[in-house]
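Going by the order they are written in, the chains are A, B and C; count residues from 1 in each one.
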Amino acid sequence: MLLRTLRAERMKLSHSPVWLAFLLLPILPAVMGSFNYLQNISILQDQWYSLWSQHTIFTCYFFLPATIGVYCSYLCRLEHSNYNWNAVMTAPIPVFHIYLAKLLAAAVMVLLTQAWTGILFVISGKLCGFTSPIPPELPEWLLYGVAGGAVICALQLCIALVIRSFAVPVGIALIGGISGLAALAKGYGVWFPYSLLCLGMRANNPGGGMQCGTEQFILSSIFYLVVCTLFAVLWLKKRDVATK
Amino acid sequence: MSDIITTTGLCKQYGKVLRVKDLDLKVPEGVVYGFLGPNGAGKSTTMKMLLGLARPTAGTITVFGRQVDSRNRLAILKDVGSLIESPSYYGHLTGAENLQIVSTLKGVPAKDISRVLQIVRLENQKGKRVGQYSMGMKQRLGIASALLGNPKLLILDEPTNGLDPAGIQEMRELICSLPQQYGMTVMVSSHLLSEIDQIATYVGIISSGELVFQERLSTLHARSRPSIAVRTLNNQAAALILAEQGISCLTQENHLLLPRLSDNELAAHIAGLYERNIGVVRIEERSKSLEDIFLELTGTAVSL
Amino acid sequence: MIKAFTMEFHKIRRRRIWAIVAALIFVQMLWSLWGVQSMDAHDLSQGWMYFLYQFPILNSIMMPIIAAVVASRLCDIEHKGQTLKLLATIMPAGRLFTAKFLCGGLYMLATVLLQLIVIVAVGCAMGFEGKVPLDKLCYYLLFTTAVNLTILLLQQILSLLIKNQMIPFSIGIIGSFAGLFILYFPQNLAKFLLWGYYGVLMLVGMDWDRATRITNFHFVPVDWTGFITLLIMFGVIYSIGRALFIRKEM
């Protein structure tokens, strides 16, 4: 049944250029980050590792959370407008699946963005003329990034479910990203949902480990995913459907 | 004949106001049930509660003989098609794509889409984006997605909204044919008595949240028995004389309204008036229209 | 015109636009104050310059998104209620466009004023060396407001013309992203990008000595050609956007 819900979700997204933003987003830091790296090559001497910071640091603090916010707002907006909750909630589909389908739709977009970021990173590295091998940790960084991104998706979907406006959840995502930066700097990164993306991608410290253990990171991610899912399911179940 | 929907003591409170009060609905199988009431009487709210879109403050709902709760809700909804308030649609997708989404969610084979498109006569518009549909076309699309999968029960909220006269006629014919052709039970709400009169076999009338009438439509018609209006040169005296003879009558403008009497009885009473020198100038038969009964029941004018 | 302007404020009652703007600005403040905590004597001696360097960078990250939020909030109510077709029959479309812009502009102006108050208050409290550089702060107010309004204008046009609010937001986010990156590029390049003007019109430059790890700030001359280019951009965007909105079929 979940598969059907997912298929329906994919159909809803056809004819709208949502993926375009995610396609463009990683190109900017790839081009400009690499350029900046080449200009400051005397300071940044760790080749791949320095370039990774250049590519990802701004993305995962500010712009990826905000873009995820936009995408999640859009996913919910589809249902908030034109009385669609009436149709969705009378379909013989458990509310858990409705939320999960949206979460997966958003998480897949993050996964693709991460893969695209990885590809661009390798290409930029080669173009910069790095001779050392591609860092073996790269897939790990990207995958952890997917986990952290999925947490933001889950949270933003909950916010967009509750707040019917398009803009406000995006504003909250930006605030979240910035607070995530602060939380990370203070060492509370693993406790704060918006920091997990940056933490997982090691954007500020690519050479070393994470601030926390792997288990802690994974547990924290799972915790937030479960809490958000529970909240969304309860919200959809307990609340009367509001259509306008 | 068993009941498809029954509710007992159904209530819905918004803030401090009881929008729906102790509703005991009974919708028998295989009928077109007309749910009639002025704007804001609680029709949509009731239908939303039947579908689980709004949670009742009190009372129980039984559909297909099973009391609806959060566990069996989805199983019940598999056999229900609905259109509430206004049609649901994704504006950036075409009509056919919208139906595809609904059929996927309902688990209905895709070939059913062309069948329902044909029923509502949207085959030629199916490739157009719904955002560009006219109001009537959106309404047809809403009906089409309610019909997907041949549900046993159809709940339609003001289905003729936004349709042109030809469309309204078609929609009425469609709704009337559903019970015979597919054995469906249809619950239709409307604020137009004339519409319910033409399509329904059962009527429930709701007024400020309370059910004031629920019977066969024929019972409602039986209430509209004609009365006799008499105009005399002195209505006041005439009323007194008739009262002496055991006839109570109402005064309406320049007429006295008498209950239905046999021709002989009436002739005798009129002769009695002549004997007392009261000139009778008009005798008319008046039938109480359905509108009058509706007004009596709801206490409000029929809203347009 | 005044009636149309006040109507805009009536329309956004209970929408609490100020709340989201205030929240964003508040976060920005906290962030900038965070850096002030650990200032030593050397930093304090150039505290004013530090702020005038720091805030434009923060602005280029956040202001475009604040502008997108404000514009979308103002325009989306019309799409949701399908009120544009009503409004188009009772008032000139151009007036509606201007009224909306002024309404949003007031919010953007308020954010800069709020920033200025914080800058002055914190500066005095921390004991930044020297008098409050009023002239520089006035320039900051003028330039930041000018960039804010131009970006708001662009966002408003996009939000009004495109029903799907995801598109203006994506453009806003990508624009601000590019604006942040272009700060690290030669200034002439930044002049080609609207979102880069927070950097173009910066009043302070920075030298970072790698050997001593000491940061030195210095005032730079005002880039008047940049400012004039911005004003021309504003004029062009305004007239094109307004014309497009008037011509739009509801």
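Methods note: contacts are C-beta pairs under 8 Å (C-beta built on N, C-alpha and C of every residue); 3 or more make two chains touch, one makes a residue touch a chain.
Owing to the predicted nature of the structure, the values given are computational and were not obtained by experimental measurement.
Viewed as a network of touching protein chains, the structure reduces to a simple linear path. In this assembly, B is the chain whose CA centroid lies farthest from the centroid of subunit C.
Averaged Cα coordinates give subunit A a centre that lies 26 Å from the centre of subunit C. Taking the mean of the C-alpha atoms as each chain's centre, subunit B and subunit C sit 56 Å apart.
Subunit A and subunit B have Cα centroids separated by 50 Å.
Listed for subunit C are residues 164, each touching two or more other chains. Shown for subunit B are the residues in touch with two or more other chains, namely 92. Residue positions 16, 81 of subunit A each touch two or more of the other chains. By the touch criterion stated above, subunit B contacts subunit A in their complex at residues 48, 51-55, 70, 74-75, 77-78, 80, 82, 84-93, 97, 100-102, 104-107, 145. Contact residues on subunit A toward subunit C in their complex (touch as defined above): 16-18, 20-21, 24-25, 28-29, 32-33, 35-36, 39, 43, 58-59, 62-63, 66-67, 70-71, 73-74, 77, 81, 165-168, 170-172, 174-175, 178-179, 181-182. Contact residues on subunit A toward subunit B in their complex (touch as defined above): 1, 4-5, 7-8, 11-12, 14-16, 78, 81-94, 237-238, 240-241, 243. Subunit C makes touch with subunit A in their complex at residues 15, 20, 23-24, 27-28, 30-31, 34, 61-62, 65-66, 68-70, 72-73, 76, 80, 164-167, 169-170, 173-174, 176-178, 180-182, 184-185, 210.
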